[in-house]
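Okay, got some structures for you below.
Two complexes, one shared chain (chain A), two partners (chain B, chain C).
Let's look at the complex of A and B:
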């Protein structure tokens, strides 16, 4: 078990492209941290630098208090699960899981014990003799997890491990990984571009964009009090609605941007204020709830509400914003203006 | 309306059948052309000496001193023997150890070339696939250039180097140049590059060093390509003629491929039996690894890339 510290870490590629810029982060021992951001934001590069698969251009990386700069990946005592599973295709499930232990010359009996124990936990016992080519994506990812687990490393790294799976398997594997973290009590660093994964899995989320940390906080904190417009827009589905303050009759000038989450908007009177009237363009039915897309003074507005058959396409409604649920941002910097949510829109 | 649709469907079906028939005929003609020499060799190996002389005598009579007379003055391609006999095989395998000796010469020349060439090519291709840089690009480009050259071009330099090393007329004169083939490196590099980077990284994280990644991850992943290179190298050197004629002039050390071209002059009746026996090892090798050969060539970018 070990904590991780990234101190002023930067990565610049030979062509001059900056992948990570002055990255500072402390990950506590046994913490589950999720790095989230759009493609090319530097999250995978950061993970690969922790793994030692890429050297950082400047800064220092510590694992368990030891500086890892220049240390080979094999000597960092970490395990990594890749998006593409990265299983050895010519080996059976058993051999895939045992490979790392064989390399370390762990006694055969011990290898067998550990592989069978982990296979049992992951439900792979009857598949130990199979080759990856004869298995489904979900099973392959479980083998990849097993391969990481048998080594009992100090740190687990996950590089978008669920991206190749279908929606149902993704949900299933998500809960398996959460359960796994609770059982093994080891530091997990998880990279994803899927904000649902980030919100549901991490003790802490690190939102990145253009190689820079936008915000590092608990999922609740990130959702309720985003540090800037990027974080507010990236976390949350459907995306938050942004309005200029003066356009919706809120206090403040056009330099202030008001962010209101879709679930905080209503088409019926509530404890709040009317921000305008909108015409329903289309409705997305999601089962228990629905997303209503409205057009308000040329703005596209999305609101989420329980299924209501009285709301019809083409009709115009007053849009109500719930009291105390709006977030204010500086239009020029994009940063949150107040840590407290604004009471009145 | 329905009649029109049915008529159109019938017409399309007739055209489709005609196309298939034409393609089958075309493929059939080529199959016969390709298979004929092999079938002819095998079937003729069961003919008696007299029958072969009667069928092909005129070919071998040309330029022969002594005015030998042959029954036939025309070449008569015959596939079914008048009387099946194993006499030629008995002569080759039991009565004349010379042929078996030459066969053995072919084995001890081809096997080391095959195994060492693949070993060297595997290591070189791993280097080409795993490391980048200007030097690598230049070196790989040089390899491609060398591959495009006909093998005869390098015969004189090979002879000069062998002479300088004092190995001329020894098996090493043929084996050593054979070990370093750009063709095998090219094929295997293509295959090594197909090993996903993530798998190599996973092995590094699992604690494997460079040699372990090469032997335990990359080599097994390129099994198909390795096998196809083994077969292609074997066939290439099993049939070699020029290298041996230039670098290994001692007839006692020459392989059966050289002997086959001479055997026709004197012992024409044995030629078919010897050729059939000579065909067996490459054929067995091919049959054993046909699937991997096809897979290897396909995934290596093919011979024509």
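Let's look at the complex of A and C:
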């Protein structure tokens, strides 16, 4: 069990490309931190630097208080789950899970006990003699999880472990990983590009873009009080709507951008104000709710509401924004305007 | 009404089937035209002579054509020259093939690491492939002759003159020649195999606590095992071909440790003893089949999980 500290960590590739720039983050012991961002934002590189698979160009990485710069991955006492499972294809499930313990020269009886215990938890008991080629993607990912778990490392690293699974399996594995974290009480660092995974799994989310931390906070905080327009736009589906303040009749100049989440917009009067009128372009029915895509003065506006058959394509409605739910941003810097958390719409 | 509709549908389907198979027939005929020259060549130069050899191996002579069961095989087996040739060939292959495989793998691993002038070394090791056999033989003669370069260099160091090609050392000289000619190509094959090892299992193993040696033996070696087998078979075949160089270096009757199976075949052919020749060829064929069969068996055991 150990916390992780990244101190002014940067990674520059030989070609001059900067993957991570001056990254500072403290991850507490037993915390579940999710690094999230679009592809190429440096999240996987950061994880690989923690694992020791890549050296940082500058800065220091501490695990459990020890500086890890120059320490080989094998000596860091970490476990990692890869997107492609990275199983040893020529070994059985049992041998895959026992590999790390055999290297550590754990007694055979103890290896057997631990492998069987974890296999039981992950539902792999009857598959221990199988080879990965005879198993499905979900089962392979379970084996990869098991291989990490049996070693009882100080830190677990996950590099987009669910990206290769289908939607149903992904949801199932997501809850399994959350449960695992509660049971093993170890530090988890989880990389994903899927903001739903980030929102549902992490104690804390670190949003990254272009190698820089955009915001590191709890999921609630990130959703409710995004630090900048990038975070506001990246977290939340459907995406937040941005308007220039003067365009929607709010006080303030065109330098102020107002962000309103789709669920805070309504087509019927509510406790708030009308921001304009929009023409329904199309409707995405999601079952219990629906996304309505409107066109307002040439802007695309998305709103989410419970299924309502009276809303029809081609009709024009007044769009209402709920009071106190808007976020304000500086148009030139993209940063949230802290003093005014409420749009005066 | 319904029944008749089914009938017409069936008939239509059958017609379509016939038309399809007709197209298929035409396609097969077309491919047969393309295959014919190759089939003809293989038949003329491999299959037919092989059948003739089988026939010759079981008759007393090509004129009487009397069936003599295994007499020819027994004669060959008891022939001192054949035994000497078989032992020499076997011991040459047993030494040269493993050396060629292991050394080229080591070279590939060295060149795979980040070392300066990597591509120069690669070209350097490949260059013996470009040199014609006659030139190689000439160089080897210049170096290893009794009055050759090597003895001239060793002389001042106090080493007595050695007749490299007519002594116990001759075997080693030929092994050296074989390695010099084959290492480069084998190395390139291994480099390709090493480059194809997936990155993730290697990274996973390093995180699991495995050091470089452990990763090599537990992970990498398994991923390149199909290539190891391929290089072994290739080297085995090439080790039989080394006769060409030995013959050009030492002629029909070389020093006894260099007397290879092909010398025996060549000399038997020249004396027109077809029975002995055919029986010897079949014995060699059987031995090769067993060896390569074993290698393929090993490949299917070790390679099946790592090949895509």
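Definition applied: the second predicted complex is superposed on the first by the 342 of 345 C-alpha atoms of A that agree within 3 Å, B and C clash if a C-alpha of one lies under 4 Å from a C-alpha of the other, contacts with A are read in each partner's own complex, and residues count from 1 in each chain.
As a working rule, contacts are C-beta pairs under 8 Å (C-beta built on N, C-alpha and C of every residue); 3 or more make two chains touch, one makes a residue touch a chain.
Computed from a predicted model, the values in this text were never measured in an experiment.
Enquirer: Do chain B and chain C fit side by side on chain A after the overlay, or clash?
Expert: They clash.
Enquirer: If we overlay the two complexes on their shared chain A, which of chain B and chain C does A:334 touch? Say first, second, both or neither.
Expert: In the superposition, A:334 touches no partner, neither chain B nor chain C.
Enquirer: Let me test your reading of the model: by the given contact rule, A:133 touches which partner, first (chain B), second (chain C), both or neither?
Expert: Once the two structures are laid over each other on A, A:133 reaches chain C alone.
Enquirer: So, A:100: does it touch chain B (first), chain C (second), both, or neither?
Expert: So A:100 meets both chain B and chain C here.
Enquirer: From the superposed pair, tell me which chain A residues show up as contacts to chain B and also as contacts to chain C.
Expert: Overlap of chain B and chain C footprints on chain A: residues 51, 53, 72-74, 78-80, 82, 84, 86-90, 99-100, 103-104, 147, 151.
Enquirer: Where on chain C is chain A touching in the complex?
Expert: Contact set of chain C toward chain A: 198, 200-201, 203-211, 214, 218-219, 222, 302, 305-306.
Enquirer: Inside the complex, what are the residues of chain B that reach chain A?
Expert: Per the touch definition, chain B meets chain A at residues 196, 198-199, 201-209, 212, 216-217, 220-221, 223.
Enquirer: Of all residues in chain A, which touch chain B in the complex?
Expert: It comes out as residues 51, 53, 72-74, 78-80, 82-84, 86-91, 99-100, 103-104, 147, 151.
Enquirer: Enumerate the contact residues on chain A facing chain C in the complex.
Expert: Going by the criterion above, the answer is residues 51-53, 72-74, 76, 78-80, 82, 84-90, 99-100, 103-104, 131, 133, 147, 151.
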